[in-house]
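I'd like to ask some things about the structure below.
Order of writing sets the chain letters: A, B, C and D. Residues in each chain are counted from 1.
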Amino acid sequence: MIVILKSNPEQKQLDNLISWLKGMNIDIHFTEGSTKTIMGLIGDTASVDIDLIQALDIVEDVKRVQEPYKNANRKFHPDDTVIEIAPGVKIGGGNFQVIAGPCSVESEEQICTVAESVKASGAGLYRGGAFKPRTSPYAFQGMRNEGIRLLSEAKARTGLPIVTEVMDISHLPLFENVDVIQVGARNMQNFELLKELGKLDKPILLKRGLSSTLQELLMSAEYIMAGGNEKVILCERGIRTFETAMRNTLDLASVPLLKEKTHLPVIVDPSHATGNASLVKPMAMAATAAGADGLMIEVHNNPAKALCDGPQSLTPEAFDDVMKAVNAIRPVAFNGR
Amino acid sequence: MIVILKSNPEQKQLDNLISWLKGMNIDIHFTEGSTKTIMGLIGDTASVDIDLIQALDIVEDVKRVQEPYKNANRKFHPDDTVIEIAPGVKIGGGNFQVIAGPCSVESEEQICTVAESVKASGAGLYRGGAFKPRTSPYAFQGMRNEGIRLLSEAKARTGLPIVTEVMDISHLPLFENVDVIQVGARNMQNFELLKELGKLDKPILLKRGLSSTLQELLMSAEYIMAGGNEKVILCERGIRTFETAMRNTLDLASVPLLKEKTHLPVIVDPSHATGNASLVKPMAMAATAAGADGLMIEVHNNPAKALCDGPQSLTPEAFDDVMKAVNAIRPVAFNGR
Amino acid sequence: MIVILKSNPEQKQLDNLISWLKGMNIDIHFTEGSTKTIMGLIGDTASVDIDLIQALDIVEDVKRVQEPYKNANRKFHPDDTVIEIAPGVKIGGGNFQVIAGPCSVESEEQICTVAESVKASGAGLYRGGAFKPRTSPYAFQGMRNEGIRLLSEAKARTGLPIVTEVMDISHLPLFENVDVIQVGARNMQNFELLKELGKLDKPILLKRGLSSTLQELLMSAEYIMAGGNEKVILCERGIRTFETAMRNTLDLASVPLLKEKTHLPVIVDPSHATGNASLVKPMAMAATAAGADGLMIEVHNNPAKALCDGPQSLTPEAFDDVMKAVNAIRPVAFNGR
Amino acid sequence: MIVILKSNPEQKQLDNLISWLKGMNIDIHFTEGSTKTIMGLIGDTASVDIDLIQALDIVEDVKRVQEPYKNANRKFHPDDTVIEIAPGVKIGGGNFQVIAGPCSVESEEQICTVAESVKASGAGLYRGGAFKPRTSPYAFQGMRNEGIRLLSEAKARTGLPIVTEVMDISHLPLFENVDVIQVGARNMQNFELLKELGKLDKPILLKRGLSSTLQELLMSAEYIMAGGNEKVILCERGIRTFETAMRNTLDLASVPLLKEKTHLPVIVDPSHATGNASLVKPMAMAATAAGADGLMIEVHNNPAKALCDGPQSLTPEAFDDVMKAVNAIRPVAFNGR
């Protein structure tokens, strides 16, 4: 960590800072510039709160040299994490998984029909929203408990492990039969929820917040891992920018960058990111080529009737076509690394 | 609501859409353009889910003509809402309040000293963080229960109503003696929490999310109000942009714009927005001139020792100076309207 | 075009608007809603200035139903544009080109060595900066005239057509021997320059501005095309967001989206977008999988000595590796469409 | 400047770097951390190109400790710059100016009528667009030469100095009688134009780019000043964000921040920033309270007929009302400092 002092720092504050740092076993090297003094802090600076130092009147700027996350850091865990979601269903370290299913659980017929169809096309996990975060209090809020029951039914019929989103700590008891608990973009920094998920022994699918930096995403993963749960799957799902032609801007460079920084699996959700069915296939192919460990894709069953699926949903036939294209890209992408 | 159809829409889907809309007592006017057909929907379209229509294959675009919020909408409540936080402590409709206090509750001495000092300078409410949302799991998470107890102590000594942030539904029982419950930027779209706050009879201070549009802020207020709690105070606290010279970009034009759209009080937090003590005073003055109903300002007590206050905190003396400047601007701003 | 009127519009202004529209042979259909009136404009609305209507006091909102660009619009030119840059060097409509070379022209040896090397690896065009847009007036501004002379030398030796950036209309006479004139991100809306380029019969490589929407990019292409020059190649090069871990956010979904909207070739520059050599290969592969018509990649010759190449530059060996990976992805991507 | 080296840097590259730095009379202090080495560079580092060092394989990160601008830097020129635009018309250092006028010059009658009206309300300078940067090639591009002639006519009649925008170097000869040359947001990084303006002895009004950082704005001012023209007025006019309820996000905290960093005058354009006439008055008041040295406000003459003014334009009566409010705020804002 580097601390840049203002010109002519007050000596008393400087002495306070130095003794506080030494109390944490941090060594300090001074570099006197023409107008400013730079302090280089040496030792285990991950425990030093950067905001506390930044707050001092005598400090102009502080810069971390080491990352503030440990459990998620590839430097300390060079090998890819491989998460076994269910017997034989692995993700990470060369294991690729496609999670598919409808935006919302609507009925037993719907949820089971789509499950069978995506399984036949090669999806490895099944998704469906039971608790739905909706911008408007007047919009459909999901089937909730009953939605989770119907997902379990689809799991029983197809054998596919299920993924669904949690919205509040108090709902967690309902998630016992859920194989992967999803944390949505709006909850990426719901720190109390993250701490609670850290106590579980179950994979967590952590979506990047709408305006979160990659470091913040990794710090949220660190919250879960610090509690003891190391089964975290990261998901890029688009960020908010000024562009209005698409719902969000899918940040595919985050895939190789995250994989440099962390050993955790990284997947991509092209459906929510673009909000546009015609962009899902090229973005699924691109994400695969970029080295993603998996994809999350929305599939609905009956476009003619469906008034409840988002404009980003594919029909089962279109999803099958995406799977073929992704499967063709995969070996090339893998060899290309 | 306007629905723009694609060229040559499939007749069966179009018939489905028309009969679904008529089932909701919506009238439809058609305008046939040279290449496209436009449907104008007439009736109570607030209950029509825009996403459902957008999802249809035959639909190119949908545009709302009316706002999707009712309780928060000034059109239906032309008069400013005035919230009485405690006997004689009102906000809105010409009543201006300054909420001041430290970022975090640290000790009884700290919290009571600052309270007396900001009261003497004219603050109307007292703030302090007991539960702290921190990006890192390794950073100080607040004094939690004990923090709320100490705030109550400061309230007992000074008579100032207290404002503090809630981070999870399960903590709400601790907030009985809290006068205003704050929802932080990261929880602005924690919809389950908002619903729970809608059941209370207590003012809620709702901060704008880091990348939330003003309409999303109003929809989150609507979540609380739809539950029956109409005492919502909106707070502009800066949005995330590409600019790195300040922590966030304070969007002061949101103040007059929100006041056009809603009858709820709107306050501004220049401390968190800028993250820079030297910008707090000019931004407090500017926010007042822009017509804000109040301010939220961070004040700490001992800058020489303080390792726990953010770089945005003012000393009590600096806060006193800000209050004088704000009080001078207020009558001019008020007359200027 | 749809015009939403405010409640109770002043009759005189409304009559003015109606007669002005009728004077342009626009038909108007009225839809009376419960609180608002909607006007549907029918006819050739591309010539109607949306800002003029938006400005009227009686108008609440205006929405275009048709795109404001014609020459660049795929609706009116369904087939992909194929541009023949030099005999046998085509781009678009299934023709894929990689443009490679150093950030800046530095010396004859450098520029010729790199040219031979990238040609051997399969690049179809050669790039190098002669005029350099630099944020600081104290930074190296490029070799300018002499830089263009050296690029011509490299072209003579290798036969590769050359691409270089223009910064001002007054420099255009120097570009006679340049095969593709590049308009940089900062000049995407230098409208006087665009008009001048519209008078040439030479391919223009138009880079997306740092914070430009895709529609603005297409409107800038329209500026060039409206002048008669239809040889425009669009280039996605990353947009500015809040993320600081990379230089910019590469928006790969823009590739399939642009190709829906326009018939022009679309290429991707992963070097400038990410500013990070280790991300160039995965992003080159992803861009190819997303359907790009080409790539623009920075290559330098001597990393140990080079003090003048950006951190995003590849060595010739690394570039050769990227070409192999891209060539493996291409047939799969093409079949996948 | 601080250079953070990667672990185990190649010795030959490190030796190259050290000897290159010593050749520029830079002293180097080394701090060896547990995993990384930090180099502190001491001396005149403003001439060191940060990108060159960043590019080296052995370098992980570089951080400037000193600002890269000199002429614009308040550290080297502590006193406010006061620019005398015309005899008795000063800006900066406590001198406040309002620049008002229509978006576009349309006719002699329009331009002279508005000029007389804004002068009567107290505007100190007159503005009007002769060359108009328009997103669409089909939109009105301004009256150009004739527009400048009409502005001169208005200047002759009222005595108000005139401000108008330049779009290309080749038009500069037409600007002889113009008192302040405006560089629009889209040209803020048109470096060749900035260099040319640096050769003039005439005030330049430099608008912040749509997605420019404040440091980039200062570097563009530095381009002009490095050429010898120190009469630069900076203008905040809103930045592009995800918010769609307003045209841009007016960043008022930039005013006090810029005034900390530079001695140049800083003005605010609330008309273009918000694109909404009802927000101009509160934002003009807020900008004044924030310490701006002036304002730029759009005023048009005949709202009932005007099809050519933007929705952000005020009538002369509304402008008069804004001037009264601003004049009331000014002494309070000034005393508040």
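Keep in mind that, in the parts below, a residue touches a chain if its C-beta (ideal position, glycine included) is under 8 Å from a C-beta of that chain, and two chains touch if they have at least 3 such contacts.
These numbers come from a predicted model, not from an experiment.
Set side by side, B-C and C-D show the greater C-beta contact count at C-D.
Distance between Cα centroids is largest for the pairing of chain D with A. If each chain is reduced to the centroid of its CA atoms, chain B and chain D end up 31 Å from each other.
For the pair chain B and chain C, the distance between C-alpha centroids works out to 39 Å. In terms of their C-alpha centroids, the spacing between chain C and chain D amounts to 27 Å. Residues of chain B in contact with two or more other chains: 211, 240-242, 244. The residues of chain A lying in touch with chain D in their complex are 2, 4, 29, 31-36, 38, 40, 42-44, 60-61, 63, 65-66, 211, 240-242, 244. The residues of chain D lying in touch with chain C in their complex are 10, 12-13, 16, 20, 46-47, 49, 51-57, 68-69, 133-141, 167-171, 186-187, 189-193, 195, 210-211, 216, 219, 222-223, 226-227, 240, 303-311, 313. Residue ranges of chain C in contact with chain A, taken from their complex: 211, 213-215, 239, 241-246, 249-253, 255-257, 260, 270, 273-274, 276, 278-279, 281-283, 285-291, 324-325, 328-329, 332-333, 335-336.
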